[in-house]
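In the part that follows, the structures are each spelled out as structure tokens.
There are two complexes below, and they share chain A, which is joined by chain B in the first and by chain C in the second.
Moving on, here comes the complex of A and B:
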């Protein structure tokens, strides 16, 4: 399309922004506006990838898209082993290696029987409790992840999970300011687990 | 029914002590999701939130109750709470160091319904400069006057943001 006819306009082009697109758009216009976060498209919880693990101990996501805030859900997560939570580690080399230090966490747990406890650490090898850790119990979880792709900021996590009669919620940090471009869901004791993880990006975050 | 987040608007400011997000709520949604995508602050201080009335004027009447669990990575947890306050005084702390700020997200319920109180939940993962470690917060709040709410104000007890950025979504 000639430069003097963009969005169907001759001469001065209308300013485009989310919720305020003006003109007639060809596919290239739409693709360019999407890339610039200027195309109006409702539905900003964008699925990056869903993966299911049926054996082994690690599940890697090496495409994080380009988002300030990521959101992960886990469902039907189970393990036959005790003391086996599903944890999260981050990578700065596209998933070739995953960081195993500089994490801190604090979380609150509770049970329907009335037992509530706090857990914390200033030195762990992962974001340690995406899910809780009891054997043979079905678990569900979600986690928000902030600033992973911002080289100047720490990576922060907020999460909540449920395991039959147990719940937990908390916060965690990978306390290194660097660009994270892959994440791994894993059991740090290498015990096998099963389940499905979906990773979403929150566009315009 | 498909469920998704629908972007409504973002707002940003630099060199400001607060940011108002006006004409934010509508009859299109009952539930809203918001996240602070950047917040660099001139000093350590509390995260605060107000609501704006139907004319986008900040409400500072003593109509807010809130409670927050302070979760520290290095020491025992504590509780913070208050009632009949002129704002939600506290749902976390900003660090004075840019690289240590921060993960904040929350939900707001029924703001546009003039017959209902406005309720909120907030979760924060951040850095407590006083503790020198991770600080998480899980909070609830209510603006306990049934009226139409049009927006929110974010502030930090008079500290200057350079910058602050927030995005708000409707939950469908």
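Moving on, here comes the complex of A and C:
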């Protein structure tokens, strides 16, 4: 009977692993192997969602999938106001509220005119510089996010951004060990901004 | 289809090990290494080495330059050296063992499969330290023209008890 078969084999079943799947698979087999990180599937930078903001100051992602490492890109980001970087906050309640403390960061910036600066904080209200903060300057950025959905570990960030004459790279942490299930891109002074954010999961990371 | 990551190898550490080796680099594509959740048995730096035939190359041919970021008020640190036996301080810089504190990062690997060129790496990382964080952004070169088939991570001392390491081909 078919119920006696596993991957089309009767008795001893073949060992399955990424890049080495053997047998005949029904949909349940495939789903189970995907969940166990044993199914061969290429294209593992997986787009979760792309959102564009054209008004307002916040852009929320409430579906983070299930990944150890997330990756976000920001494109064509602009603000009309000075001192308005786009920052990141995290949520542990699905986006009902976003945490506004327990962030720490350090970053290096540099300009095309030769000015380089260090910035840091031991306690601040967000992961503060997904992008830099000059008015009416077009910006691009990316950020890797680590361990957000691990209840036993802090959430970490590494990031890099560029605007017309200013580069920036740095690291940050949300220093609370809890499960994060939503993130917000925002200006903490509530000034409006525009741009497109794409959130990806790095499958099997 | 362009613009994809293809998993080449992965290892999830769940008990103490002295190193993690990922192999499978067999093309001239760029490769990416994703690391998260490193927990160590002692305060460590992270070391990276290229592998040939699956074995780490420990020859003194590693050159690197890196900016160390810190949020505790201390000046940022420039790391640089030549003819070392490892790319040092990648993904973990004085990583503490306190609960919740982990080493994490991304590295891109260039020319590893090319026997006629040196192997290059660029990397970024972050870990907790005391009540702050330490960040790492830098690059390095292994000044031997040889084909390398992988990458090895090891703590500068002791072992690591946790962490997920995954190697991707970027196509």
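Here is the rule we go by: the second predicted complex is superposed on the first by the 202 of 205 C-alpha atoms of A that agree within 3 Å, B and C clash if a C-alpha of one lies under 4 Å from a C-alpha of the other, contacts with A are read in each partner's own complex, and residues count from 1 in each chain.
To be clear about the criterion, a contact is a pair of C-beta atoms (placed from the backbone, for glycine too) under 8 Å apart; a residue touches a chain by one contact, two chains touch by 3 or more.
Keep in mind it's a predicted model, so treat the numbers as computed, not measured.
When both complexes are overlaid on chain A, chain B and chain C end up clashing with each other. Using the contact criterion defined above for the overlaid structures, shared-chain residue A:97 touches neither chain B nor chain C, since it reaches no partner.
In the superposed model, A:82 lies in contact with neither chain B nor chain C. Of the two partner chains, both chain B and chain C are touched by A:69. Residues 18-19, 42-45, 68-69, 104-108, 118, 120-122, 144, 146-147, 152-154, 156-158, 160, 169-173, 175, 177, 202-205 of chain A are contacted both by chain B in one complex and by chain C in the other.
Chain C makes touch with chain A in their complex at residues 1, 3-7, 10, 34, 36-37, 67, 69-73, 75-76, 99-102, 104-106, 124-128, 131-137, 164, 166, 168. The touching residues of chain A, when paired with chain B in their complex, are 18-19, 42-45, 68-69, 104-108, 118, 120-122, 144-147, 152-154, 156-158, 160, 169-173, 175, 177, 202-205. Contact residues of chain A toward chain C in the complex are 18-19, 37, 42-45, 68-69, 104-108, 118, 120-122, 144, 146-147, 150, 152-154, 156-158, 160, 169-173, 175, 177, 202-205. Across the interface of their complex, chain A is touched by residues 2, 4-7, 9-10, 35, 37-38, 69, 71-77, 98-105, 123-127, 133-138, 167, 169, 172 of chain B.
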